[in-house]
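This is the structure I have questions about; it appears just below.
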Amino acid sequence: MSFLSLTEQDREQMLETIGVDSIDELFEQIPVGVRLGQALELEPALSEPELVVHLTELAARNIDTGREVSFLGAGIYDHYVPAVVDAVLARGEFLTAYTPYQPEMSQGVLQAIFEYQTAICELTGMDVSNASGYDGTTVAADACYLARQATGRSRVVLTEALNPQVRQVVKTYAPGFGLDVVELPHRDGTTDPDELRAAAGEAACVIFQQPNFFGCLEPAPDLAAAANDAGALSVAHVDPVSLGVLEAPGAYGCALAIGEGQSAGNYQSYGGPHYGFLAARSEFIRRMPGRISGETVDSEGKRGFVLTLQTREQHIRREKATSNITTNQTLLALAGFVHLSWLGPQGLRELGETCLALSRYAKERLSDAGLELVFPEKATFKEFAVRVGRPGKEAIRDARAAGIHPGYALGRDYAGLDDALLVAVTEKRTTAEIDSLVEVLAA
Amino acid sequence: MASTETYPDELRYHPEHDWARIEGDEATLGITWYAQDSLGELVHFEPPDSGATIAQDASYGEVESVKAVSDLITPLSGEVIEVNQKVVDAPETVNEDPYGEGWLVRIRLSDPAEAEALLDAAAYRHLLEDA
Amino acid sequence: MKLLYEKSRPGRRASSLPRPELPAAEVPEELRRASPPRLPEISEPELVRHFTALADRTFGVDTGFYPLGSCTMKHNPRVNERVVNLPGFRDLHPLQEEDASQGALELMWRLQEILAEIVGLPSVSLQPAAGSQGELTGLLLMRAYFADRGEGDQRREIVIPDTAHGTNPASVTMAGYKLVDVKTDPRGNVDVDDLRGKVGPQTAGLMLTNPSTLGLFDEGIEEITRIFHEAGALMYYDGANLNAICGISRPGDFGFDIVHFNLHKTFSQPHGGGGPGGGPIAVREGEAFRLDYERPKTIGKVRGFCGPFGVFVRSYAYIRSYGPALREMSEVAVLNANYLLARLKDTYEAPFDRLCMHEFVLSGRKLKREHGVTTLDVAKRLMDYGFHPPTIYFPLIVPEALMIEPTETEAKETLDAFADAMLAIAREAAGQPELLKEAPHVRPVKRLDEVRAAKQPVVRYRFEQHEDPQGAGEARQLEAQKGA
């Protein structure tokens, strides 16, 4: 199967116009010594029906959330994606357009990005958002780079309660940025503001997560204040669907707000593609990485949108750019914006309340059944950590035999938690499913 | 843009398209007609701080148009004594009047002898022809 | 066209959510949201119409010819969209147990093997999220490689040609390296004499796209490889232009040590208005480093989980559709480009007297000199003819540049229509230049003021300047009328 449109006759005519006898002549500029000289060793081509059979067979060997009740979270969540998201993303214009460098051809994409940027600013209480970053991990690296340029300092402080993958990615980028990374231990599931203040003395930024990786609610306003007191930029890594019930980082003094957008509008898709978001106070606008869509007018005074402040970006500023990012995650961010619009402020609040109510129900039922919460004194949002009285991996195996995935084995990332699971309860879970979870874990 | 192509004789020029008007132990700095024409309409001026020390041939700030960023290269070393706030507020002033209202900074010279290394108007025009 | 926020009306809503009958769980007061975010309040019908209208104002490959250079705007096969939405892929959690993800893992392994075969380098990582990230990952690998050999402090420089895409120097800075520029010679190859003086014990490596952004295969590639390897430096291949040489030549065979792919270019992942993409890398065996965080010499993770899995599904499906006939994909890409070059090079200026590969560069310099119209004007006028303009003002070494990449999926009639339009525009430039200067005429907006957008950035809807959503005011008026 191929996707070519030329006929044999076309090819002949074209070769004639070019003035060569064969296609091979077009490749004579490749030195003989570096030509492959044999066919690629690839399996034979599949026709479309055969291709579908093959991919279906591969997909069938994965246990997805349709086949197993899932309490698995740890950064990627089983939230409901409304049908309008699928409908919008199926439009070929959005699917197959490029980055909108020629604004008159791309007003639809540019306006959609502008609307998305507005939504992110509203959720996070910030003044400027970019068009998206790769995911919730790389936006943390972006925030560190911005903070370094803005403050001139070369240290970043990450809380231990920040998602382990986010910390890993920051540590990968840090040496190239000339940054050293300090991790601040959690205290019984949250972070101590006084310890943070002490650690942030020389820091360009402090990144904390709200709710944090354990699902616990951090004393976020105090953490932001502590970072600000120490002269470091306060950066909150937040869950977009929590922001109907949890306060916006901008409202409690943060300089930047970042996060993983997947919960708003994206399927889990084995980890990607999704979108990271990054928003900041207005004073940082010229340091923002990534695309920004801005409002303007055309030659007749009609409102329109363009990519703006492009001089920050790699295609102009090259080695002095605010980031090397080019292709980002526009389509996924568009999905996020469609979802948030579908929810509206009422729906977003209700979604948050439902997650809170269901996860509280789960916590209570598990406690009643004799299982110990790891951080019983701490308020949580949609996730919490519970001890299951045996290695987490074993509990997962047994629960899955009953058709339930009970959650993430925290022992992989944190000492002393080998017998603990991180249980995520989204609006898709029912009390009956939670009752079944309790049954398999308490057994 | 409003201005016509000129390179005033009383100024001294740097090959990176910057000019200096020397008055005793002080100088006023800016960018030439060629520079503003290449950049297009300026949208942003990032000046140095007042009091900063700048060194000959080094960058002391930036100007931006929609499609380009350019380092400002100082023809002479010295201490920044004034930044043209009018250009900060309305960068297009440089396009309209690059040698008058569009001046960028004033400096107190640390080594007036450096001026000998600069081009006069004729030499600068010659350099542009070869470009 | 109105923004969704301007269509918002208090109390309207599209969503419906399950509401379990449970006691509410309160958030501690100091952490509670004080006032709701001003998201649009909109019904589903209004929502669908809004996005339909936005789609109508967007031009994609599905709409028409989109010849952006080095972007490879080829047709995106629809069967890929069908398979990526299979629940076994779409609804699979990345932390699902291994025994329950065998289909996903096998797909990734097969894709790795395929990509290794295409470039001739055996060790592949699928993790990087886009080409730029692949570049950064490759540079970080170089850094770790030399640090491991005790040469880290000595080798601080990366050499990049003056035709390089802007991501290359940006990535160099992000990796903590220093940039060294090398010139291009009159045949469009890297100037080897200029190069020799710039490579030495201080060099970590080269970043090169081949064919280059000029659409030309570097005829001196064997010599370039020799220079870098003799200096103990590494060669990094930017895969943005891989569409030209699949099955014909392999960067691993012509001397490169690290390669990145752009799955959203050569391998048909749709561009999505700006992403997602995929930027896997392949490296030479031997001193290979791995991206698994738990391995001893790892540079660490660059992205969450395994990478953009949905992108892998599409690229894998695409390559399995071609099999070894992937070679034909590249042959036709090169044929289409040379055909357009042949049709246009007498009217526009072709800066290099050579056959091109999958793309080529023209200069609009003559039109500017003789008629005062710029490449920008030509680009805007092409819109009136129903085409997306090519890349303009890049690469930087060609004045008034137009960089054109048709790709292999275009029909000859489309290529002819584009060439005819370009020729017509050149004639208009001579006879009616104002048609170009005031273009576009038929798009939803006329030429947009980018200067204003940069000087007075407005980057979100300013609710504070639109205080009374018409709803409240209109409702009051209606009430007043009823009372009259």
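The letters A, B and C name the chains in turn, as written, and every chain counts its residues from 1.
Just so we're on the same page, a residue touches a chain if its C-beta (ideal position, glycine included) is under 8 Å from a C-beta of that chain, and two chains touch if they have at least 3 such contacts.
Small disclaimer: the values here were computed from a predicted structure and weren't measured.
Student: Closest chain to the protein's overall Cα mean, using per-chain Cα means, please.
Tutor: Looking at where each chain's C-alpha mean falls, the closest to the middle is C.
Student: When A-C is set beside B-C, which has more C-beta pairs in contact?
Tutor: A-C
Student: Quick one: subunit A and subunit B, Cα centre-to-centre, how many Å?
Tutor: About 45 Å, centre to centre.
Student: Subunit A to subunit C: how many Å between their CA centres?
Tutor: The computed centroid separation for subunit A versus subunit C comes out at 19 Å.
Student: Whole-Å distance, subunit B centre to subunit C centre, using C-alpha means?
Tutor: 37
Student: What parts of subunit B, by residue number, touch at least two of the other chains?
Tutor: 44, 64-67
Student: Residues of subunit A that touch two or more other chains: which are they?
Tutor: 310-311, 316-317, 320
Student: For subunit C, jot down the residues that touch at least 2 other chains.
Tutor: Only 450, 453-454 qualify.
Student: Over in the complex, which subunit C residues touch subunit B? Could you list them?
Tutor: 393, 450-451, 453-455
Student: Would you tell me which residues of subunit B are touching subunit C in their complex?
Tutor: My answer: residues 41, 43-44, 64-67, 91.
Student: Quick check on the complex: what are the subunit A residues that touch subunit B?
Tutor: Residue positions touching the partner: 286, 310-311, 316-317, 320.
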